[in-house]
Amino acid sequence: MNTKRRGERAVELSLTLIAVSSVAILFIITFFIFKEGLPFILEVGPGKMLFALDWAPTKGKFGLLPMIVGSLLATGGALLIGVPLGLSCAIFLVEFSKPRVRRVLKPAIELLAGIPSVVYGFLGVVFLVPLIRTHLGGPGLSLLAGALILGVMILPTVISISIDALEAVPRSYREGSLALGATTAQTVTHVVIPAARSGIVTAVILGMGRAIGETMAVIMVTGNALDLPGSPLAPIRTLTSNIALELGYAAGNHQKALFATGVILFVMIMILNLAATATSRRRAR
Amino acid sequence: MSLREREPCAGAKVRIEAFSFFYPGGHAALRDVTLAIACNSILGIVGPSSSGKSTLLRCLNRMSDFAHGTSHDGRILLDGEDIHGSQVEPPDLRRRIGMVFDTPVPLPRSIYDNIAYGPRLHGVRERSRLDELVESSLRAAILWDEVKDRLGSSALRLSGGQQQRLCIARTIALDPEVILLDEPCSGLDPISTLKIEEALSELKERFTIVLVTNNTKQAARVSDEVAYFLMGELVEHGPAQQIFTVPRDRRTDDYISGRFG
Amino acid sequence: MKRLMHPDLAQRVIKALLILVTAFTLSILIFIITYLLLKGLPVFSREFFTGHAIDMGRAGGIFPFIVSTVFLTGVALAIATPLGVGTAIYLTEYTRESRLTRVIRFAAECLAGVPSIILGLFGFVTFVLYLHLGWSIISGGLTMAIMVLPTIIRTSEEAILAVPHAQREVSYSLGGTRWQTVIHVVLPGALPGILTGIMLSIGRCIGETAAVIFTAGSSLMPPTTVLDSGRTLAVHFYILAREGISTEMAFGTAAVLMISILTINVTAYGLMHRMMRRFS
């Protein structure tokens, strides 16, 4: 009987170690990125890195401002496109469609999430970029192209989390409003959406996280220029593209600079994650 | 063949001595319970809901261990041994004290595999031995004739009453010494109830049985001894005959006669 | 409250707009799939699937890349599945809600939010350089294992929690130990859900580029051991597209990617729905 007990103990210990490993992995990743990147940021000077415009790492210039602006603009644009579209789809699916329709459409939209980013990027290059170049001007490879592609890419995330948020609103809320004579549309606008507000905010924040972390599609359609964009038709470079484009051949300080880029990206996303957890916890309350 | 040699039972199989059980926060679910359960008898435990009946049952086979933050006072002895002793392994204890729950819970597998589950947990591998155990357990639970031709089919296809008898058979397959049943007939039709009561009467020759029931008539039909619980306290216990005709305590009388509960 | 138009009319307008928007979103999906299949399927041939890449991928086939993809995915899941399912078992069966469990879950969720390029960066520095594993299937597999770990943990946990508690009680009351109950009752019951998580992770591994290109490399030869470099289908597709090597081959590769990922995801969701129906 003692062997059984010892066996159980061994299992429990192994499982504890395994479980803690995910924490350990996150910790190691964070540690490594910061270990390689943070000293460099401090060495060059955070002001110089975050606000300088010149990125020429082989010549000792590490200005990340164009990339930071690029990431923010691309993400902002993605949200401008993805959130209204996504939220509308979610509202339609939850409030205005028959369950049969929803059962088919919801998984179909989730399939969009499985399409690899390189495929989106490729289609962007083949369709979107020429379209922009011909009809709107500029090189085609642009902030606009990036925002559009990213907007579509975050749709599945925004839609499915918004659907969850809307479905979580108790039926009694809707019934109360309808009983007072309101139309469904009025109910949705004045009752459901406010009630689902924090869940929708979570959807937006997670969509933001996805957009800001996206690399491949962005590299393919944004042109990767190192200047601040003068208009949506101008090319941009994001923080993620910066890392991906140069990692293959960077060495020494250059490589450290890429880690520094990673640190900044990392910090931005950690903040977003905390915000998402905080809002969704408020929703639970 | 399936009965392992065990010492003949003498006196009380289970002794509960001044046993109290506390939920986290200190509220007492059971207060100072002292009770002896005789070998090869059926003890019926009755009382209104929340009187601690099910809690007591779960303490007897230490299923109560799974509730966090609880504590207890007093002792419970099985054949004179404290079940909370440092040498006692709860899984081994639960092999000797089996339990049937109020809703039948067949495992999602075949009838055969349901019964064989327990023995397999404890190392029984030979097909012939398992076949024996399955048959003898199903016979003892008065289910064999109904399922002998479809042992391989899913247990989920049985009716409620059959499933419950399956659960009883599953417990018997381990050849326990005590069987605890927590309102086993709740939700079952009268025929199934009758079949189970019939099975219990036969089973007491091999096992000591503790039956919690909300149905006083059932307790009267089946039990040798009856214990009446009210709000965690053991109000009265004695031979079934006596409890149901001339209870000593006023509260017992109120419950039995339906004025209360 | 000012009324711009009658509420019923407003509702009809809104509904129409929403239908338009939803139809538009769906049409994007349909368009992507149809266009790729239209342009990619004609490229399919025996040579395409079994041949090696000729002239940097301009001609020939994608066989080595299929091998790399399968190999890498296999390694990633061989590592992530025990870790992920083990963590899920620990969180559900072996502990109660406590600060430790919340920290573990938070860590897993944060890990899910780490961009793939950062994981690629990490994998490159840690596995390729620091551990001297070089650009290899194992470097890529380890990196991808980290990427899919949160998904496996989340889906396994859900699946395990869906197993009715009463079944565990039955096992315990029959004298089963905790581990026996996990192996014989919980895991079999949770299997469909766990498989769903694994399949979604496979889809992820097949489609991932940023984390893979910097860890598994881009060798044109099929890898024979875990230490060999290997180019996965997604990486090959990216290189074809970006370097403008061959649009035709790019479409073919894209079609293969799409079909495999879609098939896997559809099967995964099908499994998930079947599992949900079983318990409701």
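Note that the chains take the letters A, B and C in the order they are written out, and that residue 1 is the start of every chain.
In this section, a residue touches a chain if its C-beta (ideal position, glycine included) is under 8 Å from a C-beta of that chain, and two chains touch if they have at least 3 such contacts.
Everything numeric in this text was worked out from a predicted model, so none of it was measured.
**Q** By number of C-beta pairs in contact, which chain pair leads?
**A** Looking across every pairing, the one with the most contacts is A-C.
**Q** By mean C-alpha position, what chain is farthest away from subunit C?
**A** It is B whose centre lies farthest from that of subunit C.
**Q** In terms of CA centres, which chain lies closest to the overall middle?
**A** Of all chains shown, the one whose C-alpha centroid lies nearest the global centroid is C.
**Q** Please compute the C-alpha centroid of subunit A, do the same for subunit C, then give the distance between them in whole Å.
**A** So the centroids are 17 Å from each other.
**Q** Can you give the whole-Å distance between the Cα centres of subunit A and subunit B?
**A** Centre-to-centre distance between subunit A and subunit B: 56 Å.
**Q** Counting only Cα atoms for the centres, state how far subunit B is from subunit C in Å.
**A** 48
**Q** Which subunit B residues touch at least two other chains?
**A** Only 91-92 qualify.
**Q** For subunit A, what residues touch not just one other chain but two or more?
**A** Counting only residues that touch two or more other chains, subunit A contributes 4.
**Q** Identify all positions of subunit C at which a residue touches two or more other chains, and write them in rising order.
**A** Residue numbers touching two or more other chains: 177.
**Q** Per the contact definition, I'd like the list of subunit C residues that touch subunit B in the complex.
**A** On the subunit C side, the touching residues are 96, 164, 166-167, 169-177, 180, 184-185, 188-189.
**Q** Quick one: which bits of subunit C touch subunit A in the complex? Just the residue numbers, please.
**A** 7-8, 10-11, 14-15, 17-19, 21-22, 24-26, 28-29, 32, 35-36, 82-83, 86-87, 89-91, 94, 103-104, 106-111, 113-122, 124-126, 146, 149-150, 153, 177-179, 203, 206-210, 214, 234, 237-238, 241-242, 247, 250, 254, 257-258, 261-262, 264-266, 269
**Q** Help me check something: in the complex, which residues belonging to subunit B touch subunit C?
**A** 61, 63, 66, 68, 91-95, 98-99, 101, 103, 105, 107-108, 117-118, 121-122, 167, 170-171, 174
**Q** Quick one: in the complex, what on subunit A touches subunit C?
**A** 4, 7-8, 11-12, 14-16, 18-23, 25-29, 32-33, 36, 85-86, 88-89, 91-93, 96, 105, 107-112, 114-123, 125-126, 152, 155, 159, 182-186, 209, 212-216, 219-220, 240, 243-244, 247-248, 258-259, 262, 265-266, 269-270, 272-273, 277
**Q** Where on subunit B does subunit A make contact in their complex?
**A** Spelled out, the residues of subunit B in touch with subunit A are 89, 91-92.
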